[in-house]
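Chain lettering (A, B, C, D, E and F) follows the sequence in which the chains are written, and residue indices restart at 1 in each chain.
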Amino acid sequence: MYTVSVRDHCMIAHSLQGEVFGPAQRLHGATYVVDLELARPELDADGVVVDIGRAKQVLGEVLAELDYRNLDDEPAFAGCNTTTEFLAKVVFDRMEARIRAGDLGEGAHALTKMRVVLHESHAAWAAYEGALAP
Amino acid sequence: MYTVSVRDHCMIAHSLQGEVFGPAQRLHGATYVVDLELARPELDADGVVVDIGRAKQVLGEVLAELDYRNLDDEPAFAGCNTTTEFLAKVVFDRMEARIRAGDLGEGAHALTKMRVVLHESHAAWAAYEGALAP
Amino acid sequence: MYTVSVRDHCMIAHSLQGEVFGPAQRLHGATYVVDLELARPELDADGVVVDIGRAKQVLGEVLAELDYRNLDDEPAFAGCNTTTEFLAKVVFDRMEARIRAGDLGEGAHALTKMRVVLHESHAAWAAYEGALAP
Amino acid sequence: MYTVSVRDHCMIAHSLQGEVFGPAQRLHGATYVVDLELARPELDADGVVVDIGRAKQVLGEVLAELDYRNLDDEPAFAGCNTTTEFLAKVVFDRMEARIRAGDLGEGAHALTKMRVVLHESHAAWAAYEGALAP
Amino acid sequence: MYTVSVRDHCMIAHSLQGEVFGPAQRLHGATYVVDLELARPELDADGVVVDIGRAKQVLGEVLAELDYRNLDDEPAFAGCNTTTEFLAKVVFDRMEARIRAGDLGEGAHALTKMRVVLHESHAAWAAYEGALAP
Amino acid sequence: MYTVSVRDHCMIAHSLQGEVFGPAQRLHGATYVVDLELARPELDADGVVVDIGRAKQVLGEVLAELDYRNLDDEPAFAGCNTTTEFLAKVVFDRMEARIRAGDLGEGAHALTKMRVVLHESHAAWAAYEGALAP
């Protein structure tokens, strides 16, 4: 299995609801350093997993929808706790939709797996990974 | 699959028995920077894999049992080579026992996989990963 | 010159006022991974720059005053742009006050220089450094 | 499953053929920071996955075949795009051949999986992983 | 003294002339992960060292002049060994010229010091730092 | 001012004497990831600060004198607390002696400053820096 990964980041405000979150129930924020990993069993005719330039471009666009925002005000997340693991799935889902729409090129339809990691500090991170339907 | 990871460290002395270890047969030591990764297929009602505060707390307690010690003197490791990969399994087993005892909360019983990585330098690390019985 | 450094972090929300900040004028947030460097020309009788345990403890307390907060609501920062470089100076000043109050121990009065670095992402950071009056 | 990983690097020149590569069609170069991960279900009698000294030695030898070279001039890669993912597979294949030849020791025949990661910058990396036949 | 730093990278081919370089006399290449640090004693009215967006933009433009190129073919470097330390000075000089031309904004004229670090691998880097004339 | 830096590591056991060290009074150990930074105002005729190959070689030899050892048993450190900052000075002094002996080449006599950083974990490090007499 081949994988290719790119890194970008976004900076958001939010609060988390529930006693388990302690002081994180207050409005605070985070920088998420985001790693996107894309996998497929064989390389394409150019010798790549996917056009890495497009992957960076689309990851940047997906993160721009979150960047410099207070996630408590985003209708898409109403009633949700925007935890790091939850947001990893959000980025996964939005990237998957962009892949299906052809925004990473036709070759991206051969991708079989994707992993999204959000680093919230030097000492904590969360991820979501799943299969990509052909 | 969702994962959440936390990082901590411990500092130990030990020696390794066997010609394969060369100069590491002498009493020496290591800082282990330890990454604990916990996985489950779905998030809980709070939107998390596990209470990360508890995970950090318990990982710190498990590492405190090793920290600032000469592992050659630990009865638990008598007759064992406390290699990095061996110690990754020790941390795995002790974390698993703490999870079963309920120390990471009831939600932690939904965890299905755990991975423990011990970084022994900027250029070498070892890990143990395995399934967690429900 | 000897230095010792410790790393911690805090997670805050804020907004920045001024056209130069573009989308960062919106309420957003950041994780700051904070490095504290303390310097003195000679080691003390124990062979250290400062009691590193106390340094970690006090840095943690200083960061706790910022952590999990919306800095726009902090009276101490009214009328200020809480940029990364500005906050590096805030941490510097608060650490300096704690050093003068003796909270890092008597030996800390021999410190001659301090540097505070705030990493806001994998690709940007800011710092403040200055002399410490004897 | 146990794994052990070691890190090394090499520095190469090359060019990539195909419109998808944009400016990377020109002769340029890269530092690849290479992580080699070796896995097996149980440790050997010494308590290790593999003799890490030998693993480092052989990885260094495999990378030396690429290091300080213009890959466009290497007969082995004629007609191939030496992308990061392609080169991850090259390192995988050459390490596998060395393992089969016994160069990592007899114990290395118990390895069941290998992963090779090539970091091309702080923000992009690629990998190849696969099973090792017993 | 306040500093702000941004990170970017470029990928080049080159060869080095002189027995001291051993195998690096052959055509090879490097990824340089580049850190630009800008310093000034006081913040501007916005609370910043410099407009970080402009700093990133101009650093990217300066690196684009090197990126995806064989430096052996660059007239600007004829007769020079494009070592990591030499290239740190090249980036320094070109950034200084851009600062003087006003490309980082008027406030950048208050900068008093600059440091450019080029990381050539996980285990080696070089830097050039110097004063900026007011 | 130009600098060049190389990274290596060593793994030692030791104990520290004095109440301030708490549990570190017990025999334990550390991995030190060591950064050596060498500075001079102008490059030599080859365009380098120093022959980096020799610098790596000599740093490796200096660290080999500490590596895989219990520092409590080293006569050179009798009566000393081998703290991270103390050991940074030890490496500094031993490197300086090697430079004066000509082991980094004649060009190394033009070095004016050296800095040695010892990282003891992902969250703590110490350094010693000083001028090098011409």
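The criterion applied here is as follows: a contact is a pair of C-beta atoms (placed from the backbone, for glycine too) under 8 Å apart; a residue touches a chain by one contact, two chains touch by 3 or more.
Since we're looking at a predicted model, the values are computed, not measured.
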| item | value |
| --- | --- |
| Intersection of the contact lists for chain B and chain E | D, F |
| Centroid comparison with chain A (C-alpha atoms), farthest chain | F |
| Reference interface B-D: repeating pair among A-C, D-E or A-D with over half of contacts shared | A-D |
| Interface residue identity across copies chain C, chain F - same or different by half | different |
| Inter-chain centre distance, chain E versus chain F - centres from mean C-alpha coordinates, in Å | 27 |
| Whole-Å separation of chain centres (CA-atom averages), chain B against chain F | 30 |
| Touching two or more other chains - residues of chain A | 7, 122-123 |
| Chain D-facing residues of chain B, complex | 16, 18, 20-22, 80-86, 88-89, 122-130 |
| Touch list for chain D against partner chain B, complex | 1-8, 43, 46-49, 51-53, 56 |
| Complex contacts: residues of chain D adjacent to chain E | 7, 9, 11-14, 23-24, 26-33, 67-70, 119-123 |
